[in-house]
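Here you go, one structure.
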Amino acid sequence: METLEQIKARLEAALPSAKIEVLANECAAGERSLLVDAASGFTVAKFLRDDAQLKLDYCSNVTGVDWPDKELTEKIKVKQVVDGVEKEVEEVKKNIRPGYLEVVYHLYSMGLKHGPVVLRLRTENRADKTHLPSLTPLWRGAEFQEREVYDLYGVIFYGHPDLRRILMWDEFVGFPMRRDYIAPDDFEYEPTPHDEVLVEAKKHYPAEPKAEVKP
Amino acid sequence: MFDQLDQIFVNALHWLVGFVPEVLRPLVTPLICISFILMVFPAFFSIITIFERKGIGRIQNRYGPNRVGIPFTKIRLAGFGQFLPDGLKMLTKEDIVPRAADKLVHFLAPVVMLIPVLLSYSVLPFGKNMTLADYDAGLLFFFAVGGAVEIAVFMAGWSSRNKYSLLGAMRAIAQMVSYEIPLILSAVSVVMIVGSLKLTDIIAHQNHYTFGIAHWHVFTPWGFIGFVLFFIASLAESNRTPFDLPEAESEIIAGYFTEYSGFKFALFFLGEYLGMFAIIGLGITLFLGGWTAPFSFLAWIPSWIWFFGKLTAIIFVFIWIRATLPRLRMDQLMNFAWKFMLPLALINILVAGIWHYMAADWQRWLVCGALIAGAYVLLGRGLMQNQKLGKRIYRYAE
Amino acid sequence: MLGEQIIKGMAVTARNFFGSYFSKNRLTTVQYPEERLPQKGNTRQFPFLVYDGDDAEKGLRCVACQICEKECPPKCIYIVKSKDKKPDYKGQPQIYPLTFDIDISVCMSCQICVEVCPFESIKMNTEFELSTADRFGDLLLTKEKLAKPNSYYQKIHPADAAESDAVIAAEKAKAEAKAKAAAEAKVKADAEAKAKAAAAAAAAPIAPPPANPPTTT
Amino acid sequence: MNALATPPKNFEVKPKLAANGEELGELLEVSMGPHHPSTHGVFRMDVVLDGEKVVKLKPVFGYLHRNHEKIGENISYLANMPYTDRLDYFCSMTNNWAYALTIEKLAGLVVPERAEYIRAIMAELTRLQNHTCLIGFFVQDMGALGTPMMYAFREREKILDLFEEVSGARMMCNYMRFGGVRVDVNDEWIAKTKKVVADYSKFLDEFGTFLTENEIVLARTQFVGVLPKDLAINASITGPMLRAAGVNYDLRKVDKYGIYSRFNFQVPVGEHGDIYDRYMIRVLEMRESIKILEQALRDIPVGPVMDPKAKLRGFRPKAGEVYGRVEAPKGELGFYVISDGSPNPYRYRVRPPSFINLTILEDMCLGHNISDAVVILGSVDIVLGEVDR
């Protein structure tokens, strides 16, 4: 299979409007990924699927990743004149990287038996602009997985034929897989030795202090 | 002495009736007979359920029930005491009626199920001289009351207000109506040969021997295929695998008795099994010589032992089939009834006619046998090949 | 011919019917309370704590390092450390668990606690008849209920117990040798210069320290 | 966040009409499950019936949802291993393997050769018992009163005994570790396994005579629930279902993970993509598994079973992300892990094969009888522990 750089070059040639970036991966396996901007996500995916050399006809895995706002600390070496002598002083600069939600697609080719090409799409932020194009029209296999990402992360896929909650019930509020999700604490009484849960749960009990089952 | 044993129940009846004034005898005789039926067959049912559970267990390589014996002792009786707790459980369970159900019909359905089934026993000959009501049109009576079961099934399915029940009831009606036709047509061939609808006449026709072998109808080509048809149709009539669609557990939970529990469920259960016994009893009477012995040298064994022996044997085949086969689909069930069983039953009537009018030598065996076998093979092949069904050969990649 | 394969299938069930009376290979069911299968190799049920010697309180190997509590996937272990110390099997003063509870209604018998334990003190039991009417009391196993002698462990898992005994013995020997060396060094140190004593002390750490080191030393 | 909880209205689907546009009769809406005898657990299908014909079918999940992925993100890499057992509780060994393989890829651990052989043996035994159970269940869904299922369980028992002897548990094995397997097998166990494997083809023969060509089974399964090849690929179907549709894609051949390149085995491929093909492909795959097992048990070398670099306590892989996949009996089981260098994974994702294989359930069931819907579901081979996670 071609390297990601080659794919990127061909993509940029074919789709000039797309902003594509190759993300590094430091781990042992080193599977790098293509980051594509949300607007051209669909066309890029279509290219990857239909291209004769790639033919990525099999979308194996679709998943969301939550990247909350992160405080990045940067150490910048600044030249300063201290006591008349020019010195390099390290200065810690703090800036907040805005959070975003990310959807990762693992694409393989069944015909040519190669892969994976990892495709990433990012939302603008985590609160109100969580829209991404749905790739379900390209790969039916993404249907339930995108619903799952919607359900657990709150990414809204436009163009999805049937975007409903899938694992949680329809009335559920919140997105449980987000990093800042706070689990409910109204569990039934369980005599586990870990009492924090119990203490939290007890708030929800009725007046009867030793009720074993929530009414 | 064996004659005494054979007639022991008949003599006992006469002896009992002897205590009653002459005027009341026509009233008391049937009452005693009815109570006999009401005692014997439910008891037989309870034993058979244990046999069924144990038999299916063994077929499935398990033990089946083998714990419960005589209560309060350590005697286990190999599990044959199981029917007692089973029955008690059924009787004491809560009787649940769905809120939306039509309560009267819901209540009546099991009763309506049981009564015609019990009525059909009145014409069955359980042994020599052991028929409660030996009507001239006994066969017709049997089929007529048997038809009433369908109403009960539909009542149950309709009144429960459950979608599964309704589906089950619909299936049951369609199935029972369809399979009654081959059932009756296969019986028609017997009626043609015997020339009587009276069940005792049918048995008398089979109760003589050549070279020590009985003249059962099943030993003739038309009788054999008639018996096979009757057997399959009776499987369907009693809702047994592979025709258990009305109560298909894996599809529609329990079909028309999904919403029944406790005693009402027990009545359904009882009715279903008694219906099965009755229809097998009829099959025995029509094709297997009723209470007669297969070989003349065995004729000394009491007739009622023969009847119950044959009944048990056929029930075991039913159980065996139940433990082996998967179930058909609704359209396949209908196809089978109308495209296979019905033509074969009609051909069988033709063959029975040929058999009747040809001279009694080897030629009629040949002609009738060839006709039947040919029809069977052709119809069977048509049924399978219409849908291009068959064995497949698989390829391996690389 | 129609029905041919059905008859073949029925022959198979008939063979199984009769086979179940003769062949143990077919009828695999065991009549449980009367008849029991022998225990299989590494069977595991719920954890227990091993103690050496006869006194459960004294010989308990657990040093309340809380690694198992941290690693336990369903978090069913609850440990309260002691304030004081008592000598362990190596003779060194160690803290011990004041409370060691395992809620076996939560425990999923995964054996992670056994694997991460650096002190060979928690092992898997093979006892499985634990059903009880009291879900809240009887299924919360306390230290007293959990503690089992080493001889019990040797009985249920002989091979593993031998291995763990070997580890313990090796550590003990190492500790003793070290103690001896330390004693000798002390004698020497009295005579010789201070530098050598410092060198002996530098060899202090025994056994590779666990990744999450015990919170007190 | 509340505003996002409900999807925009225009995403709602309209109920489908009959494919040929014919006027449908009065429709009956049946909610099959979550407590239905043949939904293989707590699966639910919202079925709309026209008579008995399925005109709409929507799978509903989540009754067994426990947020496995969130649990995995809150505990250490090692502590998550027993939880993977509970995904597809029939095949804990392959689940373990997939997870271990992923983390090994992430941390660059090397598995010793003996451990690789043991893993392959365990995985193939798992495949045997999973497929055995499946064919049993699936014939039971057709109404065969449990007899095939009991035969299947009888054979499965022998394999579970082998698992118990090595790993200590019958189903929740928790056997593999990053960089090897937990305990070594002994020669006695290998001899026992050889015997079980040698006897297994006898069972397959018996089962074959029992049901494979049975007229009722043929009538119920052939040309029912057909899955076209293109749709199968597009809908990311994997495992025996995909191969039954005629696609030659077996990860054991494609990725050659572990030591599968050393074994001589073939991949059976179906032609019609109907239920019968799915059933037969599984039977044939079992025969191939027996071949692999025979080779593996013959060639297994001696040596260590754990990578000496691997450590149990305080395992912190370098930051990065990895996707590892194996051919689990039900299809491609993948794990996607993002590490941020801490003891817990930053993101832990399971690609459950049976969940994704359910995507085309409606397509296969439309126009068929409700009895077929049940059998089609059975032939997909789902386990709710994995579907709902």
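Order of writing sets the chain letters: A, B, C and D. Residues in each chain are counted from 1.
FYI, contacts are C-beta pairs under 8 Å (C-beta built on N, C-alpha and C of every residue); 3 or more make two chains touch, one makes a residue touch a chain.
This one's a predicted model, so the numbers in the text were calculated from it and none came from an experiment.
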item	value
Interface with more contacting C-beta pairs, comparing C-D to A-D	A-D
Closest chain to global C-alpha mean, per-chain Cα centroids	D
Between chain D and chain C, distance of the C-alpha-averaged centres to the nearest whole Å	33
Approximate Å spacing (C-alpha centroids) for the pair chain A, chain D	26
Whole-Å separation of chain centres (CA-atom averages), chain B against chain D	43
For chain A paired with chain B, centre-to-centre distance based on mean C-alpha positions, whole Å	65
Contacts with two or more other chains, residues of chain D listed in rising order	147, 151, 154, 210-211, 213-216
Multi-partner residues of chain B (each touching 2 or more other chains)	59-62, 323-325, 384
List of chain A residues in touch with chain D within their complex	25-31, 33, 57-61, 63, 65-66, 104, 106, 110, 113, 116, 118, 127-128, 130, 139-145, 150, 152, 154, 156, 160-164, 166-170, 172-177
Chain C residues touching chain D - in the complex, by the definition given at the top	2-3, 5-6, 8-9, 11-13, 16, 26, 28, 40-44, 67, 71-73, 108-112, 115-116, 118, 124, 210-212
In the complex, chain D residues that touch chain C	75-76, 78-83, 85, 147, 151, 154, 157, 161, 164-169, 172, 174, 182-183, 189, 206, 209-211, 213-216, 311-314
Complex interface listing, chain D residues touching chain B	28, 30, 36-38, 52, 139-147, 150-151, 154, 210-211, 213-220, 222-223, 248, 250, 253, 266-271, 276-277, 280-281, 284, 369-372, 374
Touch list for chain D against partner chain A, complex	1-2, 4-8, 11, 13, 61-62, 65, 67, 69-70, 105-108, 231, 233-238, 247, 249, 254, 317-323, 325, 332, 334, 336, 338-339, 347, 349, 351, 355-356, 358-360, 388-389
